[in-house]
Every structure is written in C-alpha cells, then in structure tokens.
Amino acid sequence: MRHFNSIAKQYKAVFLDSYGVLKNHKGLIEGVEDTISFLRDEGILLRVLTNDASRSQAQQAEVFADLGLTNIKKEEIITSGMLARQFLENKITEGKIGYLGTENSAEYILQSGLQKIPARDINLDDADDITAFVFLDDEGFDWNFDINTTVNFLRRKNVPVIVANTDKYYPVSKNDVAVATGGIAELVQNMLEKEFIEFGKPDSQMFMHAYEHLLEEEPDIHRYEILMVGDTLHTDILGGNKFGLKTMLVFSGNTRKENAELQISATGIIPDYICGSIVE
Amino acid sequence: MRHFNSIAKQYKAVFLDSYGVLKNHKGLIEGVEDTISFLRDEGILLRVLTNDASRSQAQQAEVFADLGLTNIKKEEIITSGMLARQFLENKITEGKIGYLGTENSAEYILQSGLQKIPARDINLDDADDITAFVFLDDEGFDWNFDINTTVNFLRRKNVPVIVANTDKYYPVSKNDVAVATGGIAELVQNMLEKEFIEFGKPDSQMFMHAYEHLLEEEPDIHRYEILMVGDTLHTDILGGNKFGLKTMLVFSGNTRKENAELQISATGIIPDYICGSIVE
Amino acid sequence: MRHFNSIAKQYKAVFLDSYGVLKNHKGLIEGVEDTISFLRDEGILLRVLTNDASRSQAQQAEVFADLGLTNIKKEEIITSGMLARQFLENKITEGKIGYLGTENSAEYILQSGLQKIPARDINLDDADDITAFVFLDDEGFDWNFDINTTVNFLRRKNVPVIVANTDKYYPVSKNDVAVATGGIAELVQNMLEKEFIEFGKPDSQMFMHAYEHLLEEEPDIHRYEILMVGDTLHTDILGGNKFGLKTMLVFSGNTRKENAELQISATGIIPDYICGSIVE
Amino acid sequence: MRHFNSIAKQYKAVFLDSYGVLKNHKGLIEGVEDTISFLRDEGILLRVLTNDASRSQAQQAEVFADLGLTNIKKEEIITSGMLARQFLENKITEGKIGYLGTENSAEYILQSGLQKIPARDINLDDADDITAFVFLDDEGFDWNFDINTTVNFLRRKNVPVIVANTDKYYPVSKNDVAVATGGIAELVQNMLEKEFIEFGKPDSQMFMHAYEHLLEEEPDIHRYEILMVGDTLHTDILGGNKFGLKTMLVFSGNTRKENAELQISATGIIPDYICGSIVE
C-alpha cells in the first residue's frame, strides 16, 4: 500500500491543500484521482482547503474536472474567499463595496446584494457611500493606478478592509512565482499602518469552517481524527497544528525534500508526518 | 434604561472581556452585578472571554466572587489557557512539558497526565525527554536566569512551543502596566526567529471556543446575534469583528474616551457600538 | 525677525529637507527665497537633504529654479541617489546592473561605466551577467509585470540589491500620496525575506555625507552647530537626532500642527524646536 | 603565507570584529597575536569594532591583554557605547540620565557630568528631572522589577531613549547565548510601540566613526581600501557592505562553514571574501 494511504487510513477525514498537493504548475499531480478514490472507498471524508478568492466553489471544481480530477464535489472545497463573503454578509449591510480584483471574483465574493465598485472607478472626492473595501485578487486591475487609488481612498475614509486571500505569492511555473493578493494588501497595510481583516490559512477560521462543515456530515468527529496535508509549513502545517489537527508535509509543491529538515528546525513548525506526496 | 442595557437587549448573547469591562485596577466596576442580573432576567446568555492562563475557571470565578460578583458561573468563563490545555491534550501525548510560569498555572494548564518541568530545572545537556514548552505566566520564575535557559533550550531542541496568553502587558494600577506572558514570549521569538503557537484574543480560536460552548446551550444562535464587549481595539474588537460578532468598545479599561476616535481611525478597527461602560 | 530666522541665527549651518520645507504640492512655499537669502547674508551654510533618486543634482536645482527658487546651488543638494551611486561605484565593478525606474534615473544613478538593464528586459533564463539590482523610482515601468520579473530574478540570482530611496510614499496633492520606491522595495523584500541595502534618511549615511561635504567648506564645524529642518518625524528628526544634530519640526508638509504633540509622544521622536515653517 | 594574510595585504586597513574574530567562548583564538603582528609589520592599520557598552576602551584593551593579546592599543577599539556617549554629550545637557545596566557601564558611558539614576531607583511619581534613558547592559539589575519600572517610566515621560548596543544576544559558551541589551530594548520598544535611538553595527554610524578615526592617522585612505572582517552576516557584513568597505566572513564565531552558503543566499548579504578565520 502507498505510504500516504497507509497513514490516511488511520484518520476519519483528510483536509487537502489544493496547490502543491492535488496539482502543481504542470497540472494535476499524476495519480491523485486514485488517491481520492482510495479515500472514498475507505469512507474517509475529505475537504480541500485553499487560500483563493478568485473563483467560486463551482468554478474551482470545474478547474479540477478540466484537469481530469472529477471526483471532488464542489461542496468539499473550502476557500478563503468564502470566509470573506460570510464576513461581508454578516457585517456590511449597506452601501457599496470597493474592491481590487477581477470582475469574476467580485461577482462571486460580493454577491450579498450590495453594489460593488472596482478601485479604478472610485471617485476620491465622492466616496461616502463606500462602506467596505476588499482585496480579492492580483489580477483585473492596473497595479500602479489602482493601488494608489486604494491607498488614497483608505487614507480618507475609515471602513473595514478585508483581505480575501492572505497568500503573499503563488507559483506560476517550476521556478517562478507571482505576487498574490496578500502581498499587495501587505504593501497597502504598510503604507497606512492599519490592520486589515485577513482570511486564509494559517488562520484558525479557515480550519474551523472546514471542521464545522464536516460536523454536519459526521457529527462525532474529533479534531485529532483529521489529517491536514499541505506543502507549506507556514500556512498548512502551522494552522493545522494550532487547530489541533494531525499534520502532514508533502514535497510536491513549495517545500523541497532537501530543505525540509532545515526549514522545520528553523521555523519550529513541526508536522506530525512527512511524505513525498499523496501519490507515494 | 441604561444605554448598555438597551443595546444588549437586541442580542441573544453577550461576550464580555474581564479586565476593563467587569473589573479594573480598583476592583469590581461598580454596578456590574446589576448589569449581569439584567442580562439574566432578559434571558441573554453570557460568556466571559479573557486572555489569561494563570488561573482555572474555578479560580477565576472565585476571584470574581471575592470581589463581590457572585452571579458568574465558572463554566461561563473562557480563558486562553483553556485553549492551550486543549492543544496540549490533543497534540502532546508523551514526554515532559517545560514551562515558564507559576506552579499553579502549570497545575491547571498542564493537567494532561504528563510530567511538567519549570525552565529553572531544565538541564540543557539532558533535555531529550522534553516534548513541548509552554509560556504560561509572567510570574513564578527568575526572569534573567529562566528566560536565558528557555532561549538556550529552544535553540537546542525543536519542540512545539505554546503561548497560553498572547497579551503583551496587563494593567497593575491606574497608570502602570506589567510585561505579560505574551511580551516575554515575543522576546524569545525574536531571539530565535521562530514562530510559536499562540492562544488568545484576537485569534479566532478563542471566539470559536466560546461560540461552540454557547451552541450547546442555545443551538440556534447566529454569530450576528452575539455582542462582544471589550475595552481594547486590537484584541476584543478586531477579533470579534473578524469572527462576525457585533462589537462594542467601552471606556472602563485600556481605551480612553478622548483618544477613541483617533485610535479607531488610526488602526482601522471599527466597533459597531461605543459605550462608556456596561453600567452606563 | 521671523521666528525661524531667530533660531537659525544660532547655528553655523542648516540642513533642509526639500518637500515640506522648501516646496509642497502647490509648488514653492511662499517666502522661502527670502529665508535662503537671510541664511546667505548671515553666512549660515546650507544643504538640502532629500530622499530622491529620480533626478541628478543639476536636475534638482533646475526644478527649484523653475519654481522660482534660484539661490540654491546644485552642489548643495544631497540626494539618497548619490549614496546609491557611490555604493555602486565602490562595490560593483563588473557585469550589468538591473533596475526598476525611469531611464533618466538609471542614466544618473548608474553612470559608473557599467551597462544597465531595466527589469522588463531581463531574461530570467539568461541573467548570469547581472551583478546587482537597484530600486530607483516608482515610475518608468509596468508595476505588475516588472515587479514580478524582479521578484523572480532575485529568487534565482543572489546579487546585492540597492534601494536608492527608502521613502514608502510621497505626496502628490494636498490629500493624496503615491507609493514610492521604498514601498515597492519593501513589498519585494517581504516576498523574498531578504535584506536590501537601503539609502536615505533616517539612515546616518545621508547625514554623514552632507556633513562631510560641509567640512570641506568649513572644517571646524561641529554637529551640534548644525540645525536639521524637516517635516517628518520618522526621517528628518529621528535621523538628525541620532546623528547628533539639533532638529526642528515644521508644519508645512507631512505633519500637521494639531497632531504634532500626539505624534511626538506616540513615537518618542523629539525635535529640539518646533516652528510653523521656515517662512514664519 | 596564510590565506587571510594574503588577502589583508591588498588593503591599507583592516576592521576586525572582536567576538568571533579575535576571541570566542574559549578565550583568545590561537594565533591572532601573530596575525596582528603581521598587520603591524606590513603597515596595515587596524581598528576593532565591537557592539559593546559594558566597558571603556581601556577596560576592553585590558581584557585583551589578560587573554594574552597585548598588541591592540586602546585607541584602536571602537565600541557602540562610545557612540551612545557622544550622542548624550551632544544632545542631553541637563537633568538626570536613567539607565538599565551595571554601575561600571554607567560610569563609563554617562560620564558627561550629568547625574545618573538606575531604573530601580526611579520614583515614577517624581521623575520630572530625568531627561533621557539609556539601555546599557543586560547585567546589573533585576530583570522583572527594573524592566517593568522602565516600561512605566517611559509610558509616563517622553524622553530620548538610547540603546547603546543593539545586539539581541551574545554567546556565553559553545552552544549557548544570553539575551543582550538590544534584546531587552526591543522588548520594551514592542511594549511601547516607540522608536529608540540605537547604536551599533550594522548601523553606518559605527563604521563612520571608525573611518573618521582612521582618517586622522591616514588622511588619504578610501573606503574600498579597508577590509571589514566579521563572523556575523547581519551586523559586520551588511554594515560593512553598505558603508562601501570590502568585507570578509570568517567561521570562528557565530556562522558555521556548513551553513554559510545557505545563509548568504537566504539573506542576500554577500561578503567579498570568505575565510576560515584570521589565523588560517
């Protein structure tokens, strides 16, 4: 039996990071369908936890399907964008919501019946009706012009600011990355010296959301009966450890095997298991 | 009707910070028993959320009772220490647990059947059986000697490190504060450049724990039906906002009325309500 | 006599920040020519110290002249860009220098006989001949594309990285600012978790350079005989204080009179004098 | 010829860190007298640059002599404490100076004719005559009581705060370190969210002071004719690089040969030379 499977068998549920666990820059990691099938056959529940606010659950599931991974249900996908959306629905009940990101991400995250306005359309001298601002995505806007507009809007008006994905960067090829929403939000935060409301791993809220969702399906499950699998110490493993899950670091994404020991010892973030990937 | 009461009436439950809301450096805030009675009479549920790992729930309730506040039940008190203890029970199942703090705090937090060893007794050359380390309290040890021992132990051995109270300082009189556990842990973190596992407001886990506890009593309650009352923007209000609660800032503790507007605008942390205290 | 003049008279030399002291978003501050003439008449030496790497001394002097300020000599202008250039001449003796900024700034800063290559032209797969990278200006490039190229170049190749202006933002109108070179460099630094070599106030090197320059003209001058005048606590006053100069905060730029006391007390950065402007 | 000597020969002057270059936890590094003699014979100037505020130049020279290193003159030793003292003489001309540290360090650093008062003797209700506060040393006081007094004094009174040694820790044995003045100052800074005035490598002021001192002996020397030798990337090499010196990393102190390449690449701090020690 594959090493991963033999460990997973000891748990009632598995939480999987998306990038670096199910897929990487080349596409789907070969063999993950089999691993998912194995989990299904063993009756092991699963959820995918991803720091992403650019696509809805349905769109995420479609992307997996297009890559050839057809046995992930859209309800099983938990994104940081969902937490941002929940927050907005709870707390922002009037006015317009400003944002940085694509129209698609705005469509999805901000579907709370409120009007939305992209940063580029904000009139700094007439912005009293904007009641919140959201960092959604690193695409869909002119960085120079729209980041400066965002800074100046937030200097003038004190509204809740939400970061729908705290990742600083994301991989775009074997060697290269791109600045992500969380990196841009951090730049603005540093300029303003204000504290934004951030969603995404390693924050507990992400794990809690997935856990609560799981409880509806399996009310008796305990945290230590769940295995969190991720490729990044600082998000997946730190967050999973803190929430009380068992954690597994894999080498199919951001962390390389030859650096793992050193990074674990340098950061003090210690996974319960280490495994090449979920297909080994 | 008191201003606070008229707001509280609109909610099914109220979360109260302890220091600055129920008590301050002079003791109990006059009139809080009446407010608690009012909440009881109205059928409004309550929980006290406090960043503290120095005393058990029973000891906390006793302190309230000694001050004259007798209608808080020990089960209603949620401390950051309880989260630390839960984590340890979940994740650390063998070996000894090292700690900085009083024996009483160790007794309470570390009662998981494992042996405990204060920093001063750690033998750096024979510490292989220590499997975790916990920052519990700012008292009960020699700062110079024991902090240095902690630093050197953690340089040599890579174990999970838990901070059971993230507060950097706590008030000791009208004007003065004392460095708290969280401040000492931050010093050590900066020395080691490692990331510890921290419990306490504003982290979501504290609010989640209180919320889950509330759900057992009242399964239908939503987050927006809960009012979080606190005296500190950065912990009570930021954390409450992010978790989706309604929030109220009071001026009976760390934040002064004359600075409030400026601080809200400087930090971007915006409470839903502002009120002098819970007795006004 | 004007208040500023009466203070300045007590010193052998005056260091002036440019933006917020000599000019602001509306252009030249009315009356500064008279103040400069007064200093000349009194035999008080002067230097202008500015965090700027976008223009040469000659170009800076021209800008002053175009605004109507004709009695500042180009040699009296000290920019953070000059320090960057000095560093490059000293330390980088071969290869090409990559940069983010305008061609003009590259022309000026990088005139050390080495070839220069803007970030947009860097071929990540063939970049071995690039021996240093410089953040020059916030203009002259496509933020999205070129910042990502910079990040990936610096992930692949370990070369000295120089920030020729550490300011995070600069004012563009009465209310608004724009992200400056230093803000972009900080974003990249946070992505890479590396430490760049930064030039500009409050760093001592800037003051030292101006001081050494002054010594050539007046070999007997002591630091306490120099008055540093600036509109920003964190750069002008902190740096001036640390270097041993006397310092004066003015309200004709970033700091507003009504917030000054609070900011001084919040930051612990204490000017020796406070004055509305150098024309009052 | 020894490798170090063959490199040193190419320079007119050498700056040496003290701990990790001349001595380590076991005492003098064997053979350094010979290397110093070589430098003397070759007419190469030298200075010792050390982040230390606990001893005067004379006391530092005595310590070297006691260890067996007799050919370092006291004038050749430059300490961060000397910069702090210079600052105090320049800027603080009345009142008492509060401090944390030993009486000896206070004697030496604060000998500016002003009265000095250790933190433990500060009466928080009657402290109006204290005009500055200095972090001198990690010894000579009760950490718990005196750090808390310092915090509360600085919360009440806004005076310049000077850190006479920015090192966070120092080595006490092969494996172990102790929290240094800079670490304690950082704790207090984090509590207060204020910015202190800090002296010590990697800050340029330290290198400038040594350089100016050298110019008195050899007026024609350029920065690139000086070799800075140190065992720590973040202080010696970063600071030396930025000041325009040539830099050499040695492995007789904080940095281990097997980690060097990784650390250089992780930090982006690149020495011009690497050498086992100054005796190899």
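Note that the chains take the letters A, B, C and D in the order they are written out, and that residue 1 is the start of every chain.
The criterion applied here is as follows: a contact is a pair of C-beta atoms (placed from the backbone, for glycine too) under 8 Å apart; a residue touches a chain by one contact, two chains touch by 3 or more.
Just so it is clear, the structure is predicted and the values come from calculations on it, not from any experiment.
Participant: Please indicate which chain is farthest from chain C, where distance is taken between mean Cα coordinates of the chains.
Facilitator: B
Participant: Cα centroid separation between chain A and chain C, in whole Å?
Facilitator: 39
Participant: When the centre of a chain is set as the mean of its C-alpha atoms, what distance in Å lies between chain A and chain B?
Facilitator: Chain A and chain B have C-alpha centres separated by 28 Å.
Participant: Using Cα averages as centroids, what's the distance between chain A and chain D in whole Å?
Facilitator: Roughly 44 Å separates the two chain centres.
Participant: Enumerate the residues of chain A that touch no fewer than two other chains.
Facilitator: none
Participant: Based on the touch definition given at the start, go ahead and assign the chain network to line, ring, star, complete or other.
Facilitator: Chain contacts: single closed ring, each chain with exactly two partners.
Participant: What chain-chain pairs meet the touch criterion?
Facilitator: A-B, A-C, B-D, C-D
Participant: Residue numbers of chain B touching chain D in their complex, please.
Facilitator: Interface residues on the chain B side: 124, 138, 142-144, 147-148, 151-152, 155-156, 168-169, 175-179, 183-184, 186-187, 190-191.
Participant: Can you name the residues of chain B that touch chain A in the complex?
Facilitator: That would be residues 86-87, 90-91, 154, 158-161, 192-197, 203-205, 208, 223-224, 234, 238, 241-244, 264-270 of chain B.
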